[in-house]
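Right after this note come the structures.
Shared chain: chain A. Partners: chain B in the first complex, chain C in the second.
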Partner chain A sequence: MAWGFLAPTVVYLLAFYAYPLYRNVELSLREYTVRSFVQGGAPFAGLDNYRTVLTDPAFWPTLAHTLVFTGASLVFQFTIGMALALFFRQHFPLSGTLRALILVPWLLPLIVSASTWSWLLNSDSGLVNAALGVVGIDPVNWLTSPTWSLTSVIIANVWIGIPFNLVVLYSGLQAIPVEVYEASALDGASGWQRFWSITFPLLRPVSAITLLLGLIYTLKVFDIIWIMTRGGPTGSSATLATWSYRLGFGNMLPEFGPGAAVGNLLIVMALIAGLVYIRSQRRQYQR
Partner chain B sequence: MTTSPRRVWWKTVVGLVLTGLMLFPVYWMINVSFTRDQDMRADPPHLFPTDGTLDGYRAVLDQQLPYLGTSFLVGLGTVALTVALAAPAGYALAKLRPPGGPALSFLLLIAQMIPGIIMAMGFYAIYLTLGVLNTLPGLILADTTLAVPFAVLIFTAFMSGIPDELLQAAVVDGAGRLRTFWSVVLPVSRNSIVTVSLFAFLWSWSDFIFASTLAGGGDHQPITLGIYHYIGNNNQQWNAIMATAVVASIPAAVLLVLAQRYVSMGVTAGAVKD
Partner chain C sequence: MTGLNRRRRLAAVAVIALAAVTAGACSSSSGDSDGGGGGAYLVWDPYPQFADDSDWVALLKKCGTSAGVTVERTGYDTTDLTNKALLAAQQGNSPDVLIVDNPVISTLAEAGALTTTEENKLDVSSMAPNLLGAGQSGGKTYGVPIGANTLALYYNKDLLTAAGVDPASVTDWTSLTSALTKVKAKGKKGITFSAIGTEEGSFQFLPWFWGSGAQLTSLDSPQAVSALTLWKDWLKQGLAPNSVINNTQTTSWQEFASGNFAFAENGTWQLANAEKLGFSYGTIAIPASAGGPAPAPTGGEFVSIPVQKKTDRYATSQKLVTCLTNADNLLTTDTTLSYVAPVTAVQDRQATENPKLKVWVEAVRAAKGRTGDNLGTKYPKISEPLWTAVQAALSGGKSPQEALTAAQASATSK
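Up next, the complex of A and B:
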């Protein structure tokens, strides 16, 4: 009887998760042309597509960009999110309303955020360069120079990720009993000591989950980078996600095989992070 | 330790400044949407739309209404399909404890971690074969994959909290499982249905990757593609681009105003259990 209620979802998962994933693996193992993509009959190519991708000169830089993008985004999102969560835990007039307003960047469609940041960072007319000009710094080609493009997309992505970190860490802070702090206040601990000796250790499980979920989300990020820089200029802000898209859909002649291969490498990374996440959550349950 | 009212107000001021900094890009988007073309590249930039224009919004009315309509329809379709699939599944996982239930929950967690680009490529290959590229149902189906795993997990978490006595009372009254689900479980699950619907709508409304791969070449293009084409085509009309962005942000604003507590619930539900 229970499976009667579950059956639609199971069928759905098979048809709209398992099957697209299977098609994606199949794409990566065959040599597709536009014609055989439509009509079928592409020859089996084994791991050729993976070999093509791994020996492509763009592979190592793209992997490095993916790691830098993910690492830097996580560090800044988490640190700023934690600082804001600690600040908002002290209840003051309007704290609830302001905390809700800070959620806005997380709720906006990514294309809205990405195009707003594109204009803010515009070389000639952007507000950021105008502000830098006031303090005497020369304009920076945020989106059009290979030196700065990766930094630019990281800035936008950090902005979008802060609210998520704030909300989750804030709810973790709420779970710490007040008595713990009262005891330490009697011992005369300073605010900084309290953070490092009480808050941070007690918040470790929630922090781990926040970071791991952040890792999984950040590995997936595609929209922001594609809309702001298209992974360019000259691949300087390309990650595995944008590279996969470029191979499959970005050129006149699509290369579905290598595109799917890059996608599958990405999924392996995401799943490893996912399994670590699930294991750490199980451990937390058992405690 | 008592904190004086003055110290508390000082914190509110800091809070206002921090929130202002975080939301500044949003303000800038609104400001630019009202800026006249000739002021767009002014140096220094105009911080307030003192000589404001509605040209940007006129362009939205002239050019973007079909895109907005498509997004709205796709959003409604996504909500309907997501709730229809996920609510019964959540009920089964929470209350009927089927064999294999935990394994299914595990798969749903994993499903949320699959990068969109991979799903998009798989869907593209399948849709091309089936000939449903650039159709509304095709886009709706793809967009539901953004919401269904999350929705099942939310419903499961919420429905676990329904007291068993309530369900047993219905059974005593002679109701079958289906009737219990329909006339007891669903009505008391209103909050979770609202949460799921809001997020499903917002995610499908915001979707760019499925739109650009599965609907990029047809008559049914959502608003995310409307903005994207704008950026690509008329690089000069930033007031029109930003006006469209403002309009495209309305669902997020509505969601925050109407359902603030559900939003926090949804954000944390995926991350923190109990």
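Up next, the complex of A and C:
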């Protein structure tokens, strides 16, 4: 009887998680061509696809872009989100309305925000370059120069990620008892001391989960980069996610095997981050 | 922040997985209902812009009725359709008639998903050989072109008059560049095109590449370098905007529509939008390096008959395709799609009915299939290094020579 109640979840997990994952692993371990994808009988290739991917000249730059993209996005999203959360904690007129407005980037479909960013950052007719021109700065080829393209997609991604950090950290702040602050005020703690000795330590569990979720979201960001730069020019803003898509779907002759291999590497990276989180949580409980 | 597409794809894979599981249970019943004679015939096309009350769907239904079957039609987004068609072939539930973008034909043929004209008895003798080429590989033909489009140069008449340029004088690269310089001297912009890092970028570069006399089998030839140098110099001298590196053909068209550009490289499919421009426009063929029209790549779709388990369905599918591609229906279809017909006689009729199409008919006659010259599925492996080289040279990372040498090395290593 108990198993009966469990069955829907188990079937759901198997059909929508286990099987696709299994297929992706299988795809990465065989040498698929379009012919064997349709007709079947792709030979087992062991780790050949992984070897192809790892020895590809694009691998290390792409991995570096992924790490820079993820790291920079997280740092800026988190600090700006935290600053805004603290700011909105002090109630002032219209604070509710303003907070709601800051959530807008989160509600917009990604295709809309990414296209808007690519218009803003257009080399010749973009608003950003026009604004720079007003203060006398030469136009920057935001999306079309290899030195700037990664920065541009990071800026867009930070902008999109701030609301999420704001919401989670803000609700975390609500959970910190006011008495602690009152006591510290009586002891004469400055605002800076209050932040580092009370807010930050008490917010640590919320911060950890925000950063972990942010990490997992950011590792697999695809839409923004693809819409804004297609990972280019010449791979200068490509991450593992866009590379995996390009291998599997971006060419008329799909390379499913290497594409799946890159996808699996991404999953492993997210998994490691998750394990590190669980471990640190456990250590905290033991203390 | 999220991976919408990735999640959607994962969901798609999962649905397919589920379908595969359930297919085992009901495969015996689903196949029997539609036997060889009557029943429903599935047609997939890449024209989602046509609703059920459009002329195109009406034509499909009419052809179905005259073949004694009902037609069930689904319109997909072009880029979506390739993956859909491959997955359908894998699952053994391909449509009876599949209309796809021409370079995809060689990929699907390589996958063994399409029937040859020997098997499906389609008559392709009336089709123009340069258009049919994209659907042929290894001496076999895998479909019929339904219409063709290609690239030419749109120009802004008002800007050229103001700059004192006669469009008829633009016949080779030198005269084109000097026309662009004159326009720039008037404070306007020269030319816009699309050099994006996808197949679209290669598509737009090919007229210049082929127009220099270069061949796709040798990406680093001196001719190829001269074509890429032409583009790079335009950017360096400010005759073309830096944004071309990220332009799709649609954004490039929007730049032209702003009225600030004298020339735009774009396709037949923009003709309807061209009529809505706020200025008067004209078209000329893309000039080759030494003069005359350069061969532009052909775009446009092919009608194909995918492999079925029940081979007795081919006879009816063949009737459907023949109906869709007979002269009168081609004229109607290609007029609605603003394509050039694949049959010489119909092309002539189009040019007499609409003189504006004359340039396009000539451009299509000079055009080449990308997968032609027996390249087939080798083309995608050449095209990706090519568009990467274009991007590398234009964005300033490499010189045209370096970029193309790297491209050739990468194309031969795959």
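Keep in mind that, in the parts below, the second predicted complex is superposed on the first by the 270 of 287 C-alpha atoms of A that agree within 3 Å, B and C clash if a C-alpha of one lies under 4 Å from a C-alpha of the other, contacts with A are read in each partner's own complex, and residues count from 1 in each chain.
Everything below uses one rule, namely that a contact is a pair of C-beta atoms (placed from the backbone, for glycine too) under 8 Å apart; a residue touches a chain by one contact, two chains touch by 3 or more.
From a predicted model like this one, the values you see are computed outputs, not experimental measurements.
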Superposed on chain A, are chain B and chain C clashing or fitting side by side? clash
Just to be sure I read the superposition right, which of the two partners does A:Tyr19 touch: chain B = first, chain C = second, or both, or neither? both
For A:Gly232, using the defined touch cut-off, is the partner it touches chain B, chain C, both, or neither? Pick first, second, both or neither. second
After superposing on the shared chain, does chain C or chain B touch more chain A residues? B
With both complexes superposed on chain A, which partner does A:Leu47 reach: first (chain B), second (chain C), both or neither? neither
Who does A:Met252 touch here: chain B (first), chain C (second), both, or neither? second
Show me the chain A residues, by the header's touch rule, that chain B contacts in one structure and chain C contacts in the other. 16, 19-20, 23-24, 37-38, 40, 106, 110, 118, 124-125, 164, 220, 222-223, 241, 245, 249
Under the stated contact criterion, what part of chain B meets chain A in this complex? 1, 8-9, 11-12, 14-16, 18-19, 22-23, 25-26, 28-29, 32, 40-41, 43-45, 84-86, 88-89, 91-93, 96-98, 101, 104, 106-111, 113-126, 128-129, 141-142, 144-145, 148, 152, 177, 181, 202, 205-206, 208-209, 212-213, 224, 227-228, 231, 238, 241-242, 245, 248-249, 252-253, 255-256, 260, 263-264, 267-268, 270-273
Residue numbers on chain C that touch chain A, as the complex places them: 1-6, 10-11, 13-14, 17-18, 21, 82-83, 86, 89-90, 103-104, 107-108, 110-113, 196-199, 241-243, 245-246, 255, 258, 377, 379-381, 383-384, 388, 391-392, 394-397
Considering the complex alone, what residue numbers of chain A touch chain C? 15-16, 19-20, 23-24, 33-35, 37-40, 106, 110, 118, 122-125, 141, 143-146, 157, 160-161, 164, 217-218, 220-224, 226, 229-236, 241, 245, 249-254
In the complex, chain A residues that touch chain B: 1-6, 8-10, 12-13, 16-17, 19-24, 27, 37-38, 40, 84, 87-88, 90, 92-95, 98, 100-113, 115-120, 124-125, 127, 130, 133-134, 159, 162-164, 167-168, 171-172, 185, 206, 209-210, 213, 216, 219-220, 222-223, 227, 241, 244-245, 248-249, 256, 259-260, 263-264, 266-267, 270-271, 273-274, 278, 281, 285
